[in-house]
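The structure under discussion appears below in the form of structure tokens.
Read from first to last, the chains carry the letters A, B, C and D; within each, the first residue is number 1.
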Amino acid sequence: MKPSLLATTRLFTEIGRDFHTRGWVLGTSGNFSTVVSRKPLTMVITASSVSKGDLRPADVLTIGANGAPLGKSVARPSAETALHIAIAQSRGAGAVLHTHSVWSTILSELHGAAHGLRLSGWEMLKGLEGVRTHEHTEWVPILDNDQDIPALARRVVTVLEQGPAIHGFLLRGHGLYTWGDDLAQARRHVEILEFLLETTGRMHAFRPK
Amino acid sequence: MKPSLLATTRLFTEIGRDFHTRGWVLGTSGNFSTVVSRKPLTMVITASSVSKGDLRPADVLTIGANGAPLGKSVARPSAETALHIAIAQSRGAGAVLHTHSVWSTILSELHGAAHGLRLSGWEMLKGLEGVRTHEHTEWVPILDNDQDIPALARRVVTVLEQGPAIHGFLLRGHGLYTWGDDLAQARRHVEILEFLLETTGRMHAFRPK
Amino acid sequence: MKPSLLATTRLFTEIGRDFHTRGWVLGTSGNFSTVVSRKPLTMVITASSVSKGDLRPADVLTIGANGAPLGKSVARPSAETALHIAIAQSRGAGAVLHTHSVWSTILSELHGAAHGLRLSGWEMLKGLEGVRTHEHTEWVPILDNDQDIPALARRVVTVLEQGPAIHGFLLRGHGLYTWGDDLAQARRHVEILEFLLETTGRMHAFRPK
Amino acid sequence: MKPSLLATTRLFTEIGRDFHTRGWVLGTSGNFSTVVSRKPLTMVITASSVSKGDLRPADVLTIGANGAPLGKSVARPSAETALHIAIAQSRGAGAVLHTHSVWSTILSELHGAAHGLRLSGWEMLKGLEGVRTHEHTEWVPILDNDQDIPALARRVVTVLEQGPAIHGFLLRGHGLYTWGDDLAQARRHVEILEFLLETTGRMHAFRPK
């Protein structure tokens, strides 16, 4: 049974408070979603322009496959709703989390010209669903940022199709998108990818550039 | 209806605790204000020389347009009261927040000789009121620090008049001033500008200087 | 009298919450154990693939000297159970803690080719059991990571036998193992070694490499 | 009226929890004291070898001018009790706080050969008692570390006599000592000096060395 809107709001609130404390969703950055049903696609998503550090019931709403709110809603869905829908549909993800940390932002810029970065040899990779060894190489694509969200969503679909094994991607100057079968798995992926991006960023200081 | 002094104190206390935990208002640094009425200008402001990590009702007071306390008050208003009044009057701001983080202090020094720094291309900029795209360029003026507060307040007014689009400025070796229509918006601007200053500061390590 | 499973679970939960907040056990990384009895060896250990930030009773289980759960258990013991057993047996440790911080991961990589690093001259070393002066030199071995845990456990035993004075070791790209007579001492060793690894890592930026 | 032992324990506990969270008193590092009476000198001080993150009544004790516990006490006073007494006597301080952060440790090493470092031009300096302008220059002496505490205490007295304007000093590889008229002022000095040491440390990365 799918979690109710209230239970999802509670989970979003808890995740939001934790991520906000860590500096991963400052300002109104970041957005969270979860899939309620598949046919037709129905998702619960955070509203546009709200702080994720102190989410209230009015900050969370239900949307359909076209991104429009179901039922009457004062709140507007996140401006990046189309990206969440693209990931849910293309990947079959049950939950999508977008964070916007200092390190994910820096890495997206440092490796932006290469359109991605490789994470390899880290034990932490084993926490990504389906990865069995630290010898795994994870490719994290980096997409140029865009205010034309439908166009960006089409590029996201292409990246997902070209990289069936990826667990997340970066938007340049804009942070991280990752997902999972459910919110707990997506949150685990956030923690792992944020950890590896910070580690990689700090390691740069010790390497020839 | 304007928030009462008690409600404002509660908001200041919550903001102060959060900022103190993040290291943005250590010692007795930082100060907060909000506008109660416009004609005549009446503001609520934190007292001088108190820790913002654990604000008490006695640490918050009401002042008039000349910066003097209204009614009898044991506490003295913040030494930087004139800057808050200048911003409230010149900008029409409803709330002013001053933070003093490690990164805002460092950036104010690194770019002090240039009298400001540019923030450009970051998605996070979109959280600043009125900014619609990451292609926005935000100029953050840096003013030399001064213990002559009336003189500093006059320079602040000049900077605000010369930069009608700015959302904040740095005092050299002294941290960040930002504002908003209300406390929630001003707090959002603090989070966004502190994030971008930290990101910019950490990026310096990867760039030719 | 040995602590009961419930009391141990409470301690693990408290340690896990603190370490998770500090970023030392993100994702499903890290694992904790404590010795319940010696003959035969019985340990309480965290389960495999659970977040240490919010441990529940079902996430903690009792195992025997062969690493198999005692009694029926839904949870599987940590994949690294054999390392905990090796340390408990070879060292007589009463508790073993594994953390996986950004700095321990970075240091394990920077000094991996040298198979270890020296910590010397720091007052903080005196918090390690049996160390009486900051003039102490602590050798922290670094072992190559391996998914063959029995093989890794044998190498751990060798390292422990060759370094009777060591208080912990790093797995390359995988973080820190340390231990103590009880959980409080092991936790103290985690704090001290994580502090010294962060200090050493940040110092690298100021030294010729 | 001097605070009772119970009230002091509560304040130590609150300060310890905050400093521990910030990573300023990890392991068993750091110690806190406050003066109860002057003639004869009586102080309350944290016990040796306890975590400051979770202080209990048994972790705090009363001592006389010779550093010995007054009344029967299971706990031993901090190994560095003589330094606290030297500061209380030589400076007339009402409270002494010792922290041991990553940045104070690094700075004590980077500037150890120069026997001190200068903090100058920072607004944050104005939070130090008696400082009226950011144009102030604060000299922070650095003493070589020593396990001979009486000898170290004599060197501390010399440093205090030679620097009547100083607000704190560093022990090399060992962290910061500061003080104040009372615990609140000493805590403010900790926050300010830790802030300025972190700022100075991070600034090193941008300067010719």
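Definition applied: a contact is a pair of C-beta atoms (placed from the backbone, for glycine too) under 8 Å apart; a residue touches a chain by one contact, two chains touch by 3 or more.
Only a predicted model underlies this, so the values are computations on that prediction, with no experimental measurement involved.
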Other chains in touch with both chain A and chain B: none
Steps needed, at fewest, to go from chain B to chain C via touching chains: 2
Equivalent interface positions on chain A and chain C, same or different at half: different
Rotation angle superposing chain B onto its copy chain D by C-alpha atoms, nearest 5 degrees: 90
Reference chain B; chain at largest CA-centroid distance: C
Averaged-CA centre spacing for the pair chain D and chain C, given as whole angstrom: 31
Where chain A and chain D are represented by their mean Cα positions, the distance between them in whole Å: 44
Residue numbers of chain D (touch at least two other chains): 205
Set of all touching chain pairs, with the criterion as stated earlier: A-B, A-C, B-D, C-D
Contact set on chain C toward chain D in their complex: 22, 121-124, 127, 132-135, 184, 188, 191-192, 194-195, 198-199, 202-203, 205-206
In the complex with chain D, residue positions of chain B that touch it: 21, 23, 26-29, 51, 100, 102, 105-106, 109-110, 145, 147, 171, 173-175, 201, 204-205, 209
